[in-house]
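Per-chain residue numbering starts at 1, and chain names A, B and C are given in the order in which the chains are listed.
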Amino acid sequence: MLLIPARQISGEIRENSPLVGCITNTVVTNYTANLLLAVGAAPAMVDIVGEAGLFTGVSDATLINLGTPTPEQREAALEAASFAHAAGRIWVLDPVAVGSLPVRTDLAKDLLTHLPVVIRGNASEIIALAGKGVGGRGVDSSDSVGEAIVAAQALSQTYGSIVAISGEVDAIVQGNTVVRIAGGSALLTKVTGAGCALGALIGAAASTNKDILSGVVAAHVMYAAASEKAAARCTGPGTFGVYFLDELAALTDADLDRISVSVEKIGAGDTAGGMGQ
Amino acid sequence: MLLIPARQISGEIRENSPLVGCITNTVVTNYTANLLLAVGAAPAMVDIVGEAGLFTGVSDATLINLGTPTPEQREAALEAASFAHAAGRIWVLDPVAVGSLPVRTDLAKDLLTHLPVVIRGNASEIIALAGKGVGGRGVDSSDSVGEAIVAAQALSQTYGSIVAISGEVDAIVQGNTVVRIAGGSALLTKVTGAGCALGALIGAAASTNKDILSGVVAAHVMYAAASEKAAARCTGPGTFGVYFLDELAALTDADLDRISVSVEKIGAGDTAGGMGQ
Amino acid sequence: MLLIPARQISGEIRENSPLVGCITNTVVTNYTANLLLAVGAAPAMVDIVGEAGLFTGVSDATLINLGTPTPEQREAALEAASFAHAAGRIWVLDPVAVGSLPVRTDLAKDLLTHLPVVIRGNASEIIALAGKGVGGRGVDSSDSVGEAIVAAQALSQTYGSIVAISGEVDAIVQGNTVVRIAGGSALLTKVTGAGCALGALIGAAASTNKDILSGVVAAHVMYAAASEKAAARCTGPGTFGVYFLDELAALTDADLDRISVSVEKIGAGDTAGGMGQ
């Protein structure tokens, strides 16, 4: 399998400035918008009923993040997912804290019926979304990426989604393919919204090219490369969050090429392991 | 025409600490509040029904920004605009993304009946608000400032508002007068909320003095001066956004005097050009 | 009276990573979450009806801040306070701008019936909450900490709460005991959400140990120590806000020991002064 390199996709984001509509939580709207701007994309937070659906037809990709799902946002999210699916647009689901919290768990199930093109979360969220666990502790994962691979595979096979799991080594699952991206800084876990904004970047990157998997991988590669550079010059989590934006805006091809990406085939269906191909 | 210099208005903001009530979008509340604090003003985000109207009588100016207009905010915005107008208070309308998105477009029309003292937006928003175009792409402008001058003049004549158009060279229109402010850094377009926070600063500056036009101009001059200084020392959009606050807090008279402001008379009514006076 | 030193409580926060559920205003969610992460705690903004109450049983502490109380948040706040009180969990009330604004003033009264473990605010808010004044100017205090001591004592005696008053010298009142924490930088008043995020940190610190008063004091000591270090190296309010997070993450025992804490007994009941014990 040949992935389009992150350097190409990063360049296409800067050139085309994809418009990403975001229905996301109040904690991270600002950082998400700034991050999209930093990479050359264009953000728009359109999260009200009567506009959210319509906007999926104007934008290049849509993010639906369940971090703080008010009743208005829940209805807008369903409107957007339904419109996006019907029109064959790229949309990304980030099921923040599903499993342990009931309202968003129900919403996530409803949203799945509109077949998200990409699902992005931490291990506990992916496991819970697949109905195989109870979710993490608040917004944090209590499971490892490895433990979530089978759940991701199940989600991918059921909904046709690409599933991205964030963790020490990120894993992206499409059917029987797993792509792993190593590297990146642990300081990303100390900046609220770093994970949530990744969902928006995935949307931007996935919209640049017909090979969506390559876009999802490229977003993770950009994160790994920029976070390492920001970590090298920061003096704590505050400056890290700010420098991360600077470094995303300044990524070079060499920075992106340095990140290690590996592809492997795993066992089919939900019979984990065993049947390597 | 003699404008009160920005140095004087900037000093009055620091001295009097005008209180600016903001009904604004969830993406930019934090940056808007920090920016008001940086210049010496006092922010308060009072955007719920039953308080928003009342608060226009307590505050020195009110900003109504349509970035993420939930049903609660829409009702609060109408309440605030109505109270502010009835009491002769300064209020600023920022019609984010009107034209292309229906809910906020309807709201903007309703708000106009309460005669905003200042209208602030990018070229596409001003054109759409004047009923002369369909709006931009998401929150971005697809028109130039020059193309929006006639629309701004029409709005100014119909509603009695001062209309400020953000772009490469900002233009502020009051009747047949156009004030242009050159300079400033393009990095302002890479920080989400820079435009939205300008609306709040306009409110603060316009409240310091009876000559409201001078206040609107001064806010733009402060932006131009501080953004140039921040751009000179930043390493990307993340640090730019942070340094911009520092530089706003540290503006000197000399910094402000350096920004070029020009005033001209344009043709009357909607017969663009031609009839220079 | 012997307080557990801030160095011990700060260490326990890093070790145990208490989970703090926050129902707070849209202006400060991001900064609050980043600040909790900086000290080693875990934030989760769970502010919708049907989840907020439930989450008080999962988290170690709950903050209810009245900065932008939408109808949904108001109902969620009452749900959370009721659940937290019934289960004997730590919850902190931050009555932002009560007194002058009616909706949140009514809400605050309703919330008091669920007996907040800690109440935190500026002098005007504490005075207004105790029914002894009309509140400040917007979110700012127009009273001094000294003037609020008697009101704090009344609140403490009526509701059994520990009452923390922010100002030039912070004061924390429990019954007839007043703890004063000197030091800290005035730049804290130039970063929106610094006060609101303190409420969340109080929750984290108070949850680490059975001696809640020591936790509340420790949160203030951490603020004083980190803000002084951030002020020493910043170039304005923008960088101050960022460095403050860095310095919170890097606090040493020596930094914390340097902050002066004094304890005194004051007159009983609401007969101010006079009856010193």
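Heads up, the rule we're going with is that a residue touches a chain if its C-beta (ideal position, glycine included) is under 8 Å from a C-beta of that chain, and two chains touch if they have at least 3 such contacts.
These figures come from a predicted structure and were not determined experimentally.
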Cα-superposition angle relating the copies chain C and chain A, to nearest 5°: 120
Same vs different contact residues, chain B with chain C, by half of numbers used: different
Where chain B and chain C are represented by their mean Cα positions, the distance between them in whole Å: 34
Chain B residues counted as touching two or more neighbouring chains: 26, 30, 70, 241-242
Of all residues in chain B, those that touch chain C in their complex: 19, 21, 26, 29-30, 33-34, 37-38, 42-51, 54-55, 58-59, 70, 72, 241-247, 249-250
For the chain A and chain C complex, residues of the former touching the latter: 25-28, 30-31, 67-71, 97, 100-104, 137-140, 189-193, 234-239, 241-242
